[in-house]
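Next come two complexes, and both contain subunit A; in the first it sits with subunit B, in the second with subunit C.
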Partner chain A sequence: MSAVISEEGGVVKAELEGRLDTMNVNNMEMQFTAGIAPKAMPTIVDLTKVTFIASLGIRMLLTTCRTLDRRGAKMALYGATPPVMEVIETTALSEIIPVVGSEAEAVAAVKG
Partner chain B sequence: MPPAGNERGNELVLHLPCTMDSLERARLSLHDWLGDRMPSEGALNRIEVVLEEMISNVVRHSIGATALTLAVESGPQSLRITLADDGPAFDPLSASAPKPYSSLDEAQPGGLGIGLIRKLSQGAAYERIENRNVFTVSMATA
Partner chain C sequence: MADSDQTQIILGSNVSDLIGQDRIHCLEMTTGLDVEERYAISAVGLEIGRVPPADIVISDVQVSRSHCRVQMKDGAVVVTDLGSTNGTFIDGKRVEGSVMLPVGSMLAIGSHKLKHAWRTPAEIEKNDDFSRELQRATAYVRSLLPPPSREAPIRADWVYEPSAKLGGDAFGYGQLSDTTYVGYLIDVAGHGASAAMHAVSIMNNLRQKALPGADMRRPGEVLAALNNMYQMDEHAGLYFTAWYGVYDTEARRLDYASGGHHPTYLVPPSRSAAIPMRTRNVIIGAMPEMTFREASMHVPEGASIYMFSDGVYEIVDTDDHQWNLKDFVKLMLEPPIDGVNEAVRIYDAVRHRARPETLDDDFSLVVLTFD
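Here is the complex of A and B:
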């Protein structure tokens, strides 16, 4: 599992790769949150290469998004594969965080 | 080292320590056992999520559990997954379902795991048998 965090055009981009399962989230949640939340900038999260997500992964995305929201910044997810999308929809995360198909749509969602 | 256990035709039985490592060991053992009975991609993902949540729930929250027994039984277009642990009595189904999300600010991050088990399975049941928690879930394979 890896998380690459970069900045471009006033937007933070987090590219996640691998399985967002219990063990991996335990190992990388701190890095993910610390790399995003203090910036308090519009943030997009690339899920294209995430092959699996369980409840701790959903919790990590939710808590990071909520922290950003309280600091006045938006976060959007994009590129979820069908198995990952099913879990996102089952937990209703997509009701409160924008989940879109492409990077361009995600940028538009957080800058709008 | 492979987990202690055995495979008896339509049933997989694994004896695992109550540790985080057991999550991945159970998943890989399940994959090996499924072999050519592999469910559809969507069903397999739902089975993996539910298995992860069942084991994670005990490993992360039980105070006192040391050993797990995982049994997976194959039926017609379904799998019956049973997880037993030797921790204090706890019915994971006793918790009320988390409130539906209405806003980001009010969203509670807890209770997601049991919610996923309830929604992705065909049914779930808890029993306390001989000082062990026994949690059984039925999963569709199609």
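Here is the complex of A and C:
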């Protein structure tokens, strides 16, 4: 599991790769949130290479989004694969965090 | 050399035999930040493998029968790969021959990780006290669950197997009024005492059969009340998913709502299909003042409903296939086994098919049958 966090054009981009299962989330949640939330910038999360997401993974995304929201910044998810999208749909996460198909749509969602 | 001489899982008073100085070199099998088990390292060493007589047995197809050895040599801990197929790794670097394992480094074997810790007996005792407390907490959660019922018109069976570190599952069912019967299952995200305490608090509120501003016969109102009571910002960042249903015994109608939860399934006596019952609502605690939609279903005579947590189906099977709901539904519809209650049949089948290390969440499954 890895997370690469970068900044471009006033947008923070987090690229996640691997399984967001309980063990991996426990190991990386703090770094992920700490790498994004303090910037208080529009943030997009690339899920293209995430193969599995457990409830703790949803919590990690939700917590980060809510922290950003309190600081006046938006967050969007994009590129979810079918198994990840199934979990996102089950939790109705898209009612809280925009979930879109492409990076361009995600940028538009957080800058809008 | 006898295996019993080589291995010692440190639990409480067993520690004293292995203390050379005031600290002990240990391997701690971890799940994230939690220690699952601790093994003391002596000069004799510990062999790690997939099957006995290895001292540390890891049932993982990626682990070789005789994988590696960890032992004390000249005051240092040394790892020797024993010709394993998939390799032994220290902090991500593959071990060739014998390599020192520094304190704090992580030994990776298959999908398992073991940390080299150098502990004082007091630290170990504290950790073991915590493990004992978790066991007591597990017993407490179990004591709050309703007993199985074989009595018509509604029979109930269940399996509750919490994860090693205790998770946040809880469920309940029973008569709500003369003509209504309730069933619910909640799943708090996360493991450990905090998730379990949260689940117990929610369950105790539901057991009172009274929530502020909610008619307990209206699933949408119940979930909305819980959502307002348990906002994650006010509860250490914890959220949960839930399914709640109320059965009208006269109309044979089941009203239900779910919050961020997968469906509960209705299976008719013919077992011809598993009909999903879910309403699309957000997870509970994520956003205040949400409305929770509900729906209804007719319950045929002899039909069963299956309520369960995600730990039941979020497994990787022995063919390395990540399961989803469809895989689980297929298993659900397999024929019952005479003399075996339905919840146990499914639990045994999942356990049989799952790679053991992927059964790392609470397993909660409730089957209610409506005569």
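Rule of thumb we're sticking to: the second predicted complex is superposed on the first by the 112 of 112 C-alpha atoms of A that agree within 3 Å, B and C clash if a C-alpha of one lies under 4 Å from a C-alpha of the other, contacts with A are read in each partner's own complex, and residues count from 1 in each chain.
The definition used in the following text is that contacts are C-beta pairs under 8 Å (C-beta built on N, C-alpha and C of every residue); 3 or more make two chains touch, one makes a residue touch a chain.
Because the structure is predicted, anything quoted here is derived from the model rather than measured.
Asker: Quick check on the subunit A-based superposition: subunit B and subunit C, clash or fit?
Answerer: clash
Asker: Which of the two partners, first being subunit B and second being subunit C, lies in contact with A:Asp69: first, second, both, or neither?
Answerer: Only subunit B; A:Asp69 stays clear of subunit C.
Asker: Quick one: classify A:Ser102 as touching subunit B (first), subunit C (second), both or neither.
Answerer: In the superposed model, A:Ser102 contacts neither subunit B nor subunit C.
Asker: So, does A:Gln31 touch the first partner subunit B, the second partner subunit C, both, or neither?
Answerer: neither
Asker: With both complexes overlaid on chain A, does A:Ser6 touch subunit B (first), subunit C (second), both or neither?
Answerer: Neither partner.
Asker: Which of 187-195, 205-213 or 295-303 in subunit C clashes with subunit B after superposition?
Answerer: 187-195
Asker: What residues on subunit A does subunit C touch that subunit B touches too?
Answerer: Correct list for subunit A: 21-23, 26, 52, 54-56, 58-59, 62-63, 66, 83, 86, 90-93, 95-96.
Asker: Can you tell me which positions in subunit A touch subunit C when the two form their complex?
Answerer: The contact residues of subunit A facing subunit C are 21-23, 25-27, 51-52, 54-56, 58-59, 62-63, 66, 83, 86, 89-93, 95-96.
Asker: Provide the residue numbers of subunit C that touch subunit A in the complex, in ascending order.
Answerer: 31-34, 187, 189-191, 232-233, 237, 239, 241, 260-262, 278, 280-283, 286-287, 310, 314, 322, 324-325, 360-361
Asker: Taking the touch rule as given, give the residues of subunit B at its contact with subunit A in the complex, in rising order.
Answerer: 20-21, 23-24, 41-42, 45-46, 48-49, 52-53, 56, 59-60, 100-105, 107, 109, 112-113, 115-116, 119-120
Asker: Within the complex, which stretch of subunit A touches subunit B?
Answerer: 21-23, 26, 52-56, 58-59, 62-63, 65-66, 69-70, 82-83, 86-87, 90-93, 95-97
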